[in-house]
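Quick heads-up: structures coming right below.
Common to both upcoming complexes is chain A, partnered first by chain B, then by chain C.
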Partner chain A sequence: MANNSIELNVQMEVEKVRNKRKDWGLKWYVFLIPSFLGILLFMVYPIFESLRLSFYQSNGTVEHFIGLANFKSVLSSNSFWNAVWNTFFIGIFQIIITIPLGFIFASIINSTKRGQNFFKVLYFLPNVTSIVAAAMIFAFVLHPEMGIVNYVLHAIGLPAPGWLSDPSTSKWAVIILAVWHWIGFVIIICLANLQAIPSEMYEAAKIDGASGLQQWFFITIPNMAGTFAFLLITGWIGALQRFNEVYVLGGPNGSPARSIQTMGAFIYERGFTGFEFGIASAATYIMFILILVFTFINLKVSKMKI
Partner chain B sequence: MKHVRKGISLSLILILAVVAMLAGCSTSDTSGKADGKWAGKKIKVQMIGDFKDKTATDPITGKKVKGIDVLKEEFEKQHPGATVDFILMPWEGYTEKTQAMITSNEADVYQMPGLADFAPQGVLEPLQPYIDKDKEMDLDKFIDSQVDGWKVLGKDDDKLQIYGLPFLGDARFIAYDKKLFDDWGVEYLSDHPTMKEVAEKAKQMTGKNPKTGKQNYGIWFRGDWSSAFTLIDLAEGQNGKWGEGFAWKDVKFNFNSPEMKKGLDWLLDMKNYAPKGLVSNQGQEKWLTKDNNVAIMMNQGPGDTIKPTYAQGLEDRIGIAQEFKNKDGKGGLFAGSPLAIAKSSKNKDLAWEWIKFATDEFAQKYVFEEVGAIPAIKAAKTWKSTKKMPLMQPVFEAMSSPWTPRYPWGSSQPRFTLTSEVEAALTGKRTAEQALEKAQRESTAWVKNRK
Partner chain C sequence: MKAGLSYKKREQIAGGFNFVILLLFGLLLITPFVWMVSVGFDRTANVTMPFPPKLIPKHLSSFNFGIVFENGSLIKAYLNSAIVTVSSVFIGVSASLLAGYAFSKGRFKGKKVLFVVVLCTLMIPMEPRLIPLYKLFNSVHLLNTFWPLVLPSLISGMLIFLCKQFFDQLPDTLREASQIDGAGEFTTFFRIYLPLAGPIVATMIILAFIWSWNDFMWPLVVLNDKELQTVPLYLASFSLENGTSLGGLTMALATMSVLPIVILYLFLQKYIIQSIALSGVKGE
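Then we have the complex of A and B:
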C-alpha cells in the first residue's frame, strides 16, 4: 500500500515536471518574437520587395511595370559583365592565394613551441580591423609615388606600378588587401583543425618512418578537407558580395575605368547614385542566382555535407 | 489556477513585447507650443554637412563654433508658438538617407542637392505659389544663377520649375599656389584663363623647383569621380556643351563633339605635367600645406579650399581663377544645396517660413561664420566676415556664372559612363576619340530606355 502511494506520488511529480517543461517550452518562443520580427521586417520583406521592384522601372516613388526589361537590360550590359569578371577575378585569386598561404602559416605556427598565441594575435589583427579603414590605409601604402610598396620595389630595382591608378594593376591592389585582411581568419580556422588532429596518427606515422613532409601531406592535409571546404564556401560567398573595399578604393563605378567595380558596386551605382532601383533589384537577383550556383558547385567540388 | 497565472504572465510578456515594438515604430508628437501666432505648429528640418547640435570645436580651425540651436532659438523667437527640430546627417550616403526619409515622411524641409532626382518622384512641393503670394521673398537676394541652377522638372511638369531655393552655395574654380609661380618666375594665372594659358604655365612649372630643388608638378585634376565635369567645362570653354534637354525624353548628348574631343586631348596632354596618381585621386596630398608641390589645381570647390587655406595661414599663397567659360560667360558645374518642402508636410506654411528664414542674412551668416559653409545670397559679398577673406570674392563670382540648369544627368548613368571613359583614355585603354564615341553610344542607349 505504502509502495503504491510512493509510486503514485513519483508519477504525479514526473507528470508535473513534464507539464512544466511543456509550458516553458512554449514560453521560450515569446523571446524569439523580437528577432523573428526583425528578420521578417529587415530580411524577408526586402527580399520580396526587391523581387517586385525588379519588374518595375522605379525611381524610388514613381514606378511602372516593365516585365523582364530590367533583367534584359542588366544581362545585356557590358558594365554588368565587366563587374562579374572583376568580382570573379578578385575572388578567385584571393581564395587560391589565401587558403594555401594561411594553411602553411597555420602549420608553421602549430609546429612552433613558443609564442603560438603571439603569432595567432599578430595574424588575426588585420581581420578585426575595419575593411574600410584598411582600404584607406592601403591607398597610401600603394600610392604610386609616396607608397611604401613602390619605395621598396624601387629600392630593389623593380619597376614601380601605378597600382590603383592603372586598370592593369588595380585588381591586384584589391587582391593584396583582401588576402591581407582574410588570412588571419584562415590561419585561426586552420589552427583549430590542426590542433584537433589526433597526435596518435603522427606517432604511428613516425614509427613507420614517415618524414615530416610525408606526415604533412598524408595526415595533415587529408584531415583538413572539411576546413578547406568551409573556407572555400565562406570565402566564395564573401568574395561574390565584395563591396566595401572597392567602394573606398574606386568609388561606386570602380575607378579606374571600372576595373575594380564588383557586382555589389554595380548595384549600388545603379540604385543609389542613379536612382534606378528596378535595375539594381534585377542585378541583385542575378547576383543571388550566381552565388547560389557557385555555392552549389563548391559544395559538390568540396564534397561538403550540409 | 497555476495555468491561469501562467497564461496571464505569457499574455503580459506578449503585450509588453508588442508595446515596445509599437513604441519604436510610432511617430513623435507633431504638435508644438500652445501660445503665439504659430501655436501648435511644428516642423522637422533635415540638414546635411558640418552642422552641430550644440557649441563644439571645429576640427579644422580649432575654434569653438556655435551649434544649430542658435537657429532654432532665433526662428522660434521670430515665429511665436512654433517649434523646429533638426535631423542632422553627414554628407556620406546622404542620397540614400534622404530617399529613406522622404519615403517615410520623416521631415518637412529637406536640404536637397539631389533635387533633380527627387522632384520627378512627385514628393516635393512646388515653391512658385509660395513665392508669388509672399512679398517678403525676393528672389533677387540670391547670387545670380543660383535660383536658375536649381530649377527642375516635377512629376507632371513640362517646364522647369522651382522646387528648391539656394541654401548653401558652391562653385568650381581653378586654384593655384602663388609661391610656386614665384619660384618658377611664372606670372600668376589671369582671372579668366584660357586652356592655352593654363597649359603653358603648367608646362613651365613641372620639374625640379629652381628654388627648393624639389619635384614640382604644373597641374593636377581629379581623374576619376569628377573628371566628367572637368571635361564638360573644357568643352564649354570652347563654346561647346554637353548636349541639350532636361526631361529624359528630350535629352540629347553631345559627348563626341569636336570640343569634347579637344578637351579630352587637352587633359591627356596635361596628364604629363601632373603627379602619377591623379586617376585614383592621388598625388595632391601636399596641396594646402606648406610643402605643396602642385602649381595649378583644376575643378576645385570652396568647401575644400577656403576654410583650410585660412586655417593653415596660406591665404597669401593661394590664388583663385575662374573655370573656362563660354562666350556668354557661362561654364562649369553648378553645385550647392537647396531647401525643399516635402509634399507630405503637415505644416507647409511653417516650412516655407523656415526656407525664408534659412535664406535670410541671420541664418546665412551663421552658415558662413560658424559652419564655414558658403552662403548663397548677394548680401554676403559685403559682410565684414567675407571681406576679411578676400578669396571669397572670386568664389562669389564663380557661383554666379556656372552652367545652368544643373546637368540633368549629373548623378545618373551618363555621368558614370563618361567618367569611366575619361579614365579609360587617361589610363591608355582607349584613345580620346574611342572613349568619347563609347560614352556617347552608351549614354544615348541608356537615355532611350528611360523615355
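Then we have the complex of A and C:
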C-alpha cells in the first residue's frame, strides 16, 4: 500500500515537471543566443553581403551597381584560370599521393604490435606544426643550392630541380610540403577506422585460409571505402582553400611567375592588395559554389545524421 | 607443430621488417625538423648555409637563438597569440556547450530547423566572408585590434555538433531527477550535465586551440600593426622580408615557434590524436 502511494506521488511529480517544461520552452532559446548571434553576424550577413558586393564595383568606400560585369571579368581573366589550374594541380597530386601512402602506413602500423603509439605520435608531428612554420622550413629544405633534398638527390646521382625558383617545378615543391603536412592526419583517420573493422571478419578469412595480403585486399580495403571517400572530399575542400603555405612561399601573387598562386591567393591579391572588392567577391562566390558542391557530397557520403 | 613454428617465425620476420620500414619513414618525416634545429645552431649559417648538411654544425653556437629573442618580437607575438587563442577558445567552447546542450536535451519549437542552420555553417568557408567581415569590423573601427580575431570564434558548427552528440549519450533521467528537486534548466545544466562533460570539453578546447593558434588568412587581413602580430603572422612577415637569405636566423625562429607546440603535443598526444580522430570521423 505504502509503496503504491509513493509511486503515485512520484508519478504526479514527474507529470508536474513535464507540464512545467512546456512553459520553459522559451528558456531554451536563451541557450542558443550566443551561437545564433554569431551565426547571424559572422555567417549569414557576410554571405549575403558578399553576394551583393559581387554585383557592384567597389573599393570599400565608393560603390556602384554593374550587374554581372565582375563575374564576366573574373571568368575571362587568365590569372583567375591560372589560379584555378594551380589550385587543382596541387590539390589533385597532394590527394592521390597522400591517401594511398597514408593508408599503407596506417595498415603497417595497425599490423605491428610494437610501438604503435610511438609511430602514431611520430607521424602526426608534421600536422601539429603550423603550415606557416612548415612552409618557412621547406623554403630551405627545398632550396636549389643549399637545401637538404637537392643534396640527397645529387648524392645519389639524380637531377636536382630548381623547386621554388623555377615555375615548372614550384608546384611540386608545394605538393611535397602538402603531402608531408597532411599525411599524419590521413594516417590517424585511417587507423581509427581500421581498428573499427570487426576482427571476426579477419578470423573467418583466416580459417578459410586467406593470406595477409588477400585479407587486406578483400576485407580491409572494401571496409575502408567510406573513410577514403571522407578523406578524398575533406582533402579536396581543404585543397580548394589552400592559401597559407603558398602565401609564405610565393607572396600574394604566387611567385615565381604566378606558378603557385591559388584561388585563395588570387582573392587575397585582388581584395586586399588591390582593394577590388567587387571582383574579389565574385571570385569568392565562384570558389564558394565549388566548395559547397563538394561539402554537400561529403555530407551525403559520410552519412551525417541530422 | 613444425608448421606452426615456422608460421610464427615468418610472422616475426615480417613484423621486424614492418618495424624497420616504419622507423625509416618516420625518420624521413622528421628530417626537416632535425635539419632545422641543426642549422639554427650554426653560427655561420646566415652567410653560407652548411653544405653538405651536417647533423652537428661546425660552428656550434646559440648565437641565432640569442638574436631571435633579443628584439622581443617573437615573445610579443607569442603573447598576442596567447591572448587571442585563450579568448577565442573560451567564447567558442562556452557558446557551443550551451547550444549543444539545448539541441540535445531541449524541447522547443524550430529545434530541427535551427540545428540544420548550425550544420549549414559547416559548409561556409572563410573566403566568401573575408571582405564583408573586413568591412564590418572597419565600420566599427575595430581593425587592428584583437576583436575581429576573437568574436567570430563565437560560432563553430563543428563544436556544437560534437557537443550535441556527447550530451545525446547522457541519459535524460538525470534532468528529470534534478528537476523534481526543483532545479531550473540552467541549474540542471551547470550542476548536473556540465560536470559530466569533461571529456568533450577537453576535445573542444584542443580543437578550438589548434584552429585559433594556426589561423592565418583572417588575421593577415585585419592586422597590419606589427605590434599586434600573432605567431603565424610574424613568421610569414619575417619569411617574406628575408626570403632565403638568413638561414640560421630563420631556422632558429622556426625552431622557437615549433618547439612549444611540439612539447605541448607530446604531453597531450593521446587527447590531441583522439580529438582529431573524433572530428574526422564525425560521420559515423
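Convention: the second predicted complex is superposed on the first by the 272 of 306 C-alpha atoms of A that agree within 3 Å, B and C clash if a C-alpha of one lies under 4 Å from a C-alpha of the other, contacts with A are read in each partner's own complex, and residues count from 1 in each chain.
To be clear about the criterion, a contact is a pair of C-beta atoms (placed from the backbone, for glycine too) under 8 Å apart; a residue touches a chain by one contact, two chains touch by 3 or more.
Computed from a predicted structure; not experimentally measured.
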Clash or fit, chain B versus chain C on superposed chain A: clash
Touching partner for A:256 - first (chain B), second (chain C), both, neither: first
Touched partner set for A:112, first chain B, second chain C, both or neither: second
Chain A: partner with more touched residues, chain B or chain C: C
First (chain B), second (chain C), both or neither touched by A:34: both
Touching partner for A:146 - first (chain B), second (chain C), both, neither: both
Contacts of A:50 with chain B and chain C, given as first, second, both or neither: second
Which superposed partner A:62 touches (first chain B, second chain C, both, neither): first
Partner chain in contact with A:272 - chain B first, chain C second, else both or neither: both
First, second, both or neither for A:137, with chain B first and chain C second: second
Stretch of chain C, among 185-193, 221-229 or 257-265, that runs into chain B once the two complexes are superposed: 221-229
Residues of chain A at both interfaces, chain B in one complex, chain C in the other: 26-27, 34, 37, 60, 139, 143, 145-146, 251, 272
List of chain C residues in touch with chain A within their complex: 14-15, 18-19, 21-22, 25-26, 29-33, 35-36, 39, 48-49, 51-53, 91, 94-96, 98-99, 101-102, 106-109, 111-112, 114-119, 121-136, 138, 151-152, 154-155, 160, 176, 179-180, 184-186, 189, 213-214, 216-217, 220-221, 231-232, 235-236, 238-240, 243-244, 247, 250-251, 253-254, 257-258, 261-262, 265-266, 269, 272-273, 276-277, 280-284
Touching residues on chain A, where the partner in the complex is chain C: 10, 13-14, 17, 20-21, 24-29, 31-32, 34-39, 41-43, 45-47, 49-50, 53, 60, 105, 108-109, 111-115, 119-141, 143, 145-146, 148, 151, 155, 180, 183-185, 188-189, 191-193, 196, 212, 226-227, 230, 234, 237, 241, 243-244, 247-248, 251, 263-264, 267-268, 271-272, 277, 280-281, 284-285, 287-288, 291-292, 295-296, 299, 301-304, 306
Chain A-facing residues of chain B, complex: 6, 10, 13-14, 17, 21, 93, 95-96, 99, 102-103, 117, 120-123, 155, 223-225, 275-280, 282-283, 285, 411-413, 416, 419-421, 423-424, 426-427, 429, 442, 449
Complex interface listing, chain A residues touching chain B: 23, 26-27, 30, 33-34, 37, 59-62, 69, 73, 78, 139, 143-146, 162-167, 170, 249-253, 255-258, 269-270, 272-276
